[in-house]
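Which chain is which? They are A, B, C and D, in the order written, and residues in each are numbered from 1.
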Amino acid sequence: MTARMPTNGGPFTLPVRVYWEDTDAGGIVFYANYLKFFERARTEWLRSLGIEQRRLREDGHGMFIVVESQVRYRRPARLDDLLQVTARLEAAGQASLTVAQQALLKSEHTAPDADGLLCSARIRIGWVDAATLKPARIPQPILEVLQE
Amino acid sequence: MTARMPTNGGPFTLPVRVYWEDTDAGGIVFYANYLKFFERARTEWLRSLGIEQRRLREDGHGMFIVVESQVRYRRPARLDDLLQVTARLEAAGQASLTVAQQALLKSEHTAPDADGLLCSARIRIGWVDAATLKPARIPQPILEVLQE
Amino acid sequence: MTARMPTNGGPFTLPVRVYWEDTDAGGIVFYANYLKFFERARTEWLRSLGIEQRRLREDGHGMFIVVESQVRYRRPARLDDLLQVTARLEAAGQASLTVAQQALLKSEHTAPDADGLLCSARIRIGWVDAATLKPARIPQPILEVLQE
Amino acid sequence: MTARMPTNGGPFTLPVRVYWEDTDAGGIVFYANYLKFFERARTEWLRSLGIEQRRLREDGHGMFIVVESQVRYRRPARLDDLLQVTARLEAAGQASLTVAQQALLKSEHTAPDADGLLCSARIRIGWVDAATLKPARIPQPILEVLQE
């Protein structure tokens, strides 16, 4: 399960396996846990661009926090499913980024034609000072990397 | 910490304490965990109306699943904060409900004038058959209770 | 649902409701989540003694971290169950405390005679410097409160 | 990040990245979340032996549940750390298995000589009927695969 860099214009993609911890008594992935999957994909997408969040925070540069999330749950995922979770920069401002994300089913448990979109999201993340948590401008080197 | 029935038209409110499990290395509540808080408040709101989700599912009547979530994160909550989490029915259709929810700060750690809105959400939940997970009509007794 | 101070020698007890987030696709509470319940009870037990963990950490005094956990899972809990989670100081050293904890079923879904022990644990917590995370002596005022 | 089959007698190993969701306000991985990491490693270890837990449960054969856990937390993991999580069968009875597990640090953030043991565990899992949750004998085909 290796994170895949975009080729031919496709979005960044992270494989995510559904474990017992992700499911609930309904037999499906609990709705909040897609936000965990989306966060993992954003982190790996940033890492693939050379942006290490722990280092940024420890160096006092600040951190990203989520400002707004919109999620549309289309079909449920289940235990043992293998998901492909994507992250694509939709818009970049001075103080926030909008990231479009999807969770797609890619599981050996499912007929090939059943693969498809489970969940889509638009997540807006803002930059804050790590100590005061006040909104701040995204550091220029990060914006430059993102806009390449 | 007791769930409060609405009086004078206020929404249903559940007190929620922020524990270590809810926070992340940024020192604040992880964004996915507000969806847990909102789910707890919806469950207690339904329970206050006499609707027991486990019984409904075990009796084969089906269950609610989240179809769409929109969350606006305004100010972060921190360890030991005491939140008031609300749930208010905004719209009821034959197959889905829209619930407006808020998380408000009500903490001994904070100056009284600092109390206020941390996070607001609009959550749409649909009814599905528990076995097939196919969308279905919300059972009439539930709709009647909700529309009282 | 109010935390109860020990009377007539009983242990500190916190009521904990089982929500969707706590369960897994087996229909029962996921085993890691009892450690969340036990942590909540330890936090409320410390708070009942006047010990506020966030303040201790922010004031630079350090924090408790778990050093060792032993858990025996006897009977599973399910959605909507109401648990009583206890915390009782078993031993106090200069650098660590041992806390005995239990999760007991107390649910309207269950026949009265079915109430009983679900899960028992012995958790050892040590004190560390908040910045370096190095083990340190538990501050004397905390030890004094605990040994009263 | 690919699960590695044991070679030259080493244990099964699953790489696990530490994300925001895994950490708490102490800046380290929350203690309950190691049980999630250990469960992921047990699931991938079973999968590597051809044992699919979702299929077993849906086919009515039953499921594994955790009966006992002992965890020793030695050094904390932090955001962005890359862990190696192992699983090794220690004992197999008719009704339960004992699995020895470790979480080891393997991170680009750390000096090579700082790699080492973060957390070790002994987890006993029992077999139960999926409907009644009553203990039962582990199915013979599973025991045979495990004892090869």
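Basically, contacts are C-beta pairs under 8 Å (C-beta built on N, C-alpha and C of every residue); 3 or more make two chains touch, one makes a residue touch a chain.
Please read all numbers here as calculations on a predicted model, not as lab measurements.
Asker: With respect to inter-chain C-beta contacts, which pair, C-D or A-C, contains the greater number?
Answerer: C-D
Asker: Which chain maximises the distance between its CA centroid and that of chain C?
Answerer: The most remote chain is A.
Asker: With touch defined as above, tell me whether chain A and chain B contact each other through largely the same residue numbers, more than half shared, or through different ones.
Answerer: Same; most numbers are used by both chain A and chain B.
Asker: Taking each chain's centre as its mean C-alpha position, how far apart are chain A and chain C in Å?
Answerer: Comparing mean C-alpha positions, chain C is 33 Å from chain A.
Asker: Which whole number of Å gives the spacing of the CA centres of chain C and chain D?
Answerer: Chain centroid spacing, chain C to chain D, equals 24 Å.
Asker: Where in chain C do residues touch two or more of the other chains?
Answerer: Answer for chain C, listing residues that touch two or more other chains: 20-21, 25-28, 32, 36, 39, 54, 57, 78-79.
Asker: So in the complex, the part of chain D that touches chain B is made up of which residues?
Answerer: Answer in residue numbers: 20-21, 23-28, 30, 32, 78-79.
Asker: In the complex, go through chain D and note every residue touching chain C.
Answerer: Residues in contact with chain C: 25-26, 28, 31-33, 35-36, 39, 54, 57, 63, 65-73, 76, 130, 133.
Asker: Any idea which chain C residues touch chain B in the complex?
Answerer: Per the touch definition, chain C meets chain B at residues 1-3, 17, 19-21, 36, 39-40, 43-44, 47, 52-55, 57, 78-80, 109.
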